[in-house]
Amino acid sequence: MNGNRFGRLFQIATYGESHGPSMGVVISGCPAGLEIEQAAIQEELDRRKPGQSHISTSRDEPDRVEIQSGVQDGFTTGTPIGLTIQNKDARSGKYEPFITAPRPSHGDFTYSAKFGTRNWGGGGRSSARETVNWVAAGAVAKQILAHEGIEIRAHVSRIGDVESPPVTFEAMGEHTEDTDVRCAHPETAAEMREVTEKYQKHGDSIGGAVSFEIQGVPRGLGAPRFEAVEARLGKAMLSVPATTAFEIGLGRDAATVSGLDRNDEWEFDENDDPTPIENDHGGVEGGITTGEPIYGEVTLHAPTSIPSKQTTVDWESGEEKTVQVTGRHDPVLPPRAVPVVEAMAALTITDFMLLSGRINPDRLDGQPGEYDTDYHPSRPE
Amino acid sequence: MNGNRFGRLFQIATYGESHGPSMGVVISGCPAGLEIEQAAIQEELDRRKPGQSHISTSRDEPDRVEIQSGVQDGFTTGTPIGLTIQNKDARSGKYEPFITAPRPSHGDFTYSAKFGTRNWGGGGRSSARETVNWVAAGAVAKQILAHEGIEIRAHVSRIGDVESPPVTFEAMGEHTEDTDVRCAHPETAAEMREVTEKYQKHGDSIGGAVSFEIQGVPRGLGAPRFEAVEARLGKAMLSVPATTAFEIGLGRDAATVSGLDRNDEWEFDENDDPTPIENDHGGVEGGITTGEPIYGEVTLHAPTSIPSKQTTVDWESGEEKTVQVTGRHDPVLPPRAVPVVEAMAALTITDFMLLSGRINPDRLDGQPGEYDTDYHPSRPE
Amino acid sequence: MNGNRFGRLFQIATYGESHGPSMGVVISGCPAGLEIEQAAIQEELDRRKPGQSHISTSRDEPDRVEIQSGVQDGFTTGTPIGLTIQNKDARSGKYEPFITAPRPSHGDFTYSAKFGTRNWGGGGRSSARETVNWVAAGAVAKQILAHEGIEIRAHVSRIGDVESPPVTFEAMGEHTEDTDVRCAHPETAAEMREVTEKYQKHGDSIGGAVSFEIQGVPRGLGAPRFEAVEARLGKAMLSVPATTAFEIGLGRDAATVSGLDRNDEWEFDENDDPTPIENDHGGVEGGITTGEPIYGEVTLHAPTSIPSKQTTVDWESGEEKTVQVTGRHDPVLPPRAVPVVEAMAALTITDFMLLSGRINPDRLDGQPGEYDTDYHPSRPE
Amino acid sequence: MNGNRFGRLFQIATYGESHGPSMGVVISGCPAGLEIEQAAIQEELDRRKPGQSHISTSRDEPDRVEIQSGVQDGFTTGTPIGLTIQNKDARSGKYEPFITAPRPSHGDFTYSAKFGTRNWGGGGRSSARETVNWVAAGAVAKQILAHEGIEIRAHVSRIGDVESPPVTFEAMGEHTEDTDVRCAHPETAAEMREVTEKYQKHGDSIGGAVSFEIQGVPRGLGAPRFEAVEARLGKAMLSVPATTAFEIGLGRDAATVSGLDRNDEWEFDENDDPTPIENDHGGVEGGITTGEPIYGEVTLHAPTSIPSKQTTVDWESGEEKTVQVTGRHDPVLPPRAVPVVEAMAALTITDFMLLSGRINPDRLDGQPGEYDTDYHPSRPE
């Protein structure tokens, strides 16, 4: 049963296990004529990369992306883009105790129950290492969106009981990368770090959340109801490992807000177009974008890999067992999830831009049926 | 751009506008041999039906479902099931003021901006009337799931600041239908009714939430990561008009819970199979079901149609305008959303049962390749 | 298992059995702003309709299409179009002998073997009556294509040993409807009628073929390799009941032609664009359209319903049996298949026009994000 | 615009250009527990490989497949299988003359017109080198089918005017690989070789056809009408570069056969099940398999790359030009297309086996929900 594909016109298909030879993603439907900056893809991978600080796993992966197809002389050709990333630092030995004795709240048992077997090294296919593929593909999507004036930013809005005050889009651009907790509000970032270290010191871990905002989205994206923008964004985010909630606009708090308070009245903008005066709706009305920023929040539960002693059962021996997960693990997920959330938003919005005809599916610039070779250089000097 | 299809193997495609001649849904992929009780479909439609009490719209629709195909002598034949529901009580006149002057926080402007036009009567395609199709199809799905021992229940867990204490699955079965607010906790139901009437009296409306629980789901459903059970369920629920949050398991609260607290340790069940001791995970680990109940919550914002005066602009006249939405509207959405949430859960889980091979896609009972005519009666006496 | 959906962006989902209450089709993805002429849909249905002459079945169906949604004041709104056609003249009694004794070369046994049951009246779902849905949807697609300057024509090119000489696109426009055999070459039409009547008189039937040509297709459609134009067209045509061959360009004869003979050299056209000098390639090179006419042929085997005595077995009694299929049946299929072939071509090319960005998926004219209500009239006078 | 994906439950997504670093294919939906013989994949690739004889291109590619994921200890794990094949012997220089001067009947112009650019080296994405991905994935599918007792064989049935007499399934198994023309009828093979060399000697090329037969298919596969077995098989085969016709059963010849002649009467088989006495229907009735062998033919036009002088135009210089295609090219396609046709048949039938529930989508053997680690060895000794 397959679940490794995402998107309708801008599609990805991924492969790879935590401890296999390589990870890979095939991007289908990227229009021709996009100037691909490999460095920009790499930069996103570096943000997601393990080993960035002592509050993230110390696994050492260079995570070098290699472009196998679909790009020529630095520009996309409209044909499938193959990206691969080698796996280097795999130490499977540590996972042997869990082959038939599932770690609490991991996918160990569910994978084995579903398939009768599983690749157990490093969590195999269920490892969050899979998200390296998403970030690589999302980096391509981000470059398309940049071309269209659309930008996506995210930051860590909650860790445990520490909640960031609302931050502006500009603040996210400036401050998210300031610290390894990736909260764009510097004082809160310091607190978050503190609380994380407290849990880490006790052999424990803690949950949190990532806020995102998307600016520059034109009005008219989305196909109600089953392809409503919030439905597709929600699916994207709830695919991220460890996600337990997706909220858009006022989110869960909308339950306590009255219609009069939440309703956004209309005024004319500088082009004499109707525009909502406020944005309690989160950029989507009736499943379709209004042109206002889309914003929301994604909650991630505490990492399930913790060094404390826990109880499990061994289905081979039929005995109860104590396990300790002593690998290299993050004590909190949101900091490394920030680029993943951005990537999934980018993949979703790019797909909508294609589906709505805002981006031509064959070529980013120029008219269909033109064949100018100067469109981008492809001939040897 | 199309967005009226849901599901991979158990699929629906819908049509219909609020004030058009009929609503309709084509169900594809329903296995043969299911005994269809038309009364059971009708019962679900009656739950969703407008005009049930003075806290719901007084629009009077009999909502009689007519089976056009795919069922013979009361059993499905494995071919597409066409269901239609006539629209009867459409009074479009009241919607004329909004043709070029969008109601606050409705889809009026976004539909017009997307398509350049829209069916404006009664909200047209953006009306929640569309969900009658979902409930009809969901009723078929529920009958399949009942055959497999899977049951879905929901109730209203929040209206404004009034929050229901947790209720059992049994309580939902017994008490949800007791009152028109559909909260399974009787005392809370009374409070919810009170708070709703307070908003209604002031020409306002209020938000709320629906909790759902699914029991009897086998372990092994779901296809990580993009077809993870929570991702698909989330997409289903975020397709419901007015949804602003989807939560699974601990949901948003998972942010404040530590790994040690949230992790569910393993024990053996009565069949000597590993089973989680608790269910903080909400029935899904690694995107795949554990066999524990799946539970979560869906938040719906306050109805946007309120009789109070609000400001908008008329894009034809170029002038500001005051609007009052005086149609027949619900002051709160969750009570009527309960059967819709159940329907979307049923459609999603049925699809997963087919995708995992737990239900044979061609016939509910019997082996592929058998052709016994006694499988169900189809011959005239 | 579902197989009633066709298309990616311009999609249809159908329902209905030969002797059920109605046939229906949901069209998703039709852009807004198309002026729908209901009479034009009806005209296509009338071409397909049974009872047109004594060489077609005498079943009497008025085949009146009813538009349920997606059209307002004569223009599409961009939302799903629901079309229904009532079944009137169903006489199931004649089919009772075949419930457990399958007719030779019909789907009786395969449907029963697959689903364990079947709707046996009139062939149920396996009846060619299903194609009424396709022709209705195809008529909408044809109106989109007409708006883009694309036209599709077909005629009967072979019946038994009688083969039509090649005819021009113009001849197909002028003469196809001249006779009930629908061959655009009048002398051949007379011969075809003669040979058909000969088989009919002997209680037999005969095979034949339909040629089609598509003009006005822009260059650049198609997505190699699995969405190559010929692959998608082939799938469309091989969905038509009784089809045994699909050919494009030189088709089967290409096997005996050398590269030098078949290769089409290039010249400049009036716009100084490269254009193939000849069209042995059939309008598609490398899976992508060249701008030349697309042409091909579809072979349909002889109707399997014949009044002559044939042998079968009854799986209930376990005995051999003689059957005679005495219903109302066509002695040859291509004449009534002409509008079906045209419809399937129209659905396919419309989908490609959307997929390539040549037609905006949201609205036929105007720019995305515009909301002019004068786009088409939708307000009561 | 994407067109690199095939299949619904057993899906492939491919990438790669003729002269890029590597070709690759991601297989999604392969059940767990299949013993993968890498040698068997390699064997199929070797059959397709260039440079096998002087009637095929002399390009020298070792075509070593590397398994990147989804297989552990020789068995599939149910997760995506990544396969890559390095490109070694790329000599792009020869293709420079054609950058703006399209070769007759190649995809040079159509790709450039569609995307505004193209990877021109070796034909880039339009090269038949892409089929290496299909053969690799098809080899996996073949191993699944072998496990279910289904076997696919093909051979060259026509080259130019030389037509093979019908051969048995056994003959195809024994003789197809005897010669480099891959005709299972030895005398005809000799003639075919002769005629091919004649064309080759004159700087020309010639068309031909491949016949295929599939045995062991259970009755009940296929989902009429748009997923009819012949529709899906046709799409598969018409995706193969250079295909101009697809026929099933009597194919094109069915036009001249009467209903009485073609209709297949029924008898009881050894299990007292109805079975067609003959197989003029080609294994499919009403779009669903009867259990009889599926057979058909695929026509491929003459290779378009020929060393003779041909005329084209250069869209940059605006001048007419003479081209000679002097690379390493096959003078006839069917011999190397044999494994490609088999692969596409295997991918299609495997998908149908999953879609019909005949193969469990999660695991090849065992029951859903079992988690026995002895299912296959995955633990270090």
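A, B, C and D label the chains in the order they appear, each numbered from 1.
One rule holds in what follows: contacts are C-beta pairs under 8 Å (C-beta built on N, C-alpha and C of every residue); 3 or more make two chains touch, one makes a residue touch a chain.
As the structure is a prediction and not an experimental result, all values here were calculated from the model.
Residue-numbered contact pairs of A-C overlap by over half with those of B-D, the repeat interface among B-C, A-D or B-D.
The chain with its Cα centre farthest from the Cα centre of chain A is C.
With centres taken as mean Cα positions, chain D sits 44 Å from chain B.
If each chain is reduced to the centroid of its CA atoms, chain B and chain C end up 37 Å from each other. Rounded to a whole number, the gap between the C-alpha centres of chain A and chain B is 27 angstrom. For chain D, the set of residues that touch two or more other chains comprises 1-5, 9, 109, 113-114, 125, 219-220, 273-274, 315, 355-357, 361-362, 368-369, 371.
Against chain B, the residues of chain C that register as touching in their complex are 1-5, 9-11, 13-17, 20-24, 26, 28-29, 31-33, 66, 68-70, 72, 75, 77-82, 84, 96, 99-100, 109, 112-120, 124-125, 315-316, 361-363, 365-366, 368-373, 375-376, 378-380. Interface residues of chain D, counted against chain C in their complex, comprise 1-6, 102, 104-111, 113-114, 125-126, 130, 158-161, 199, 203-209, 219-228, 230-241, 243-252, 254-268, 272-274, 276, 280-282, 284-290, 299-306, 308, 310-313, 315, 318, 320, 355-357.
Residue ranges on chain D touching chain B, taken from their complex, read 8-9, 218-220, 273-274, 291, 355-358, 360-362, 368-369, 371.
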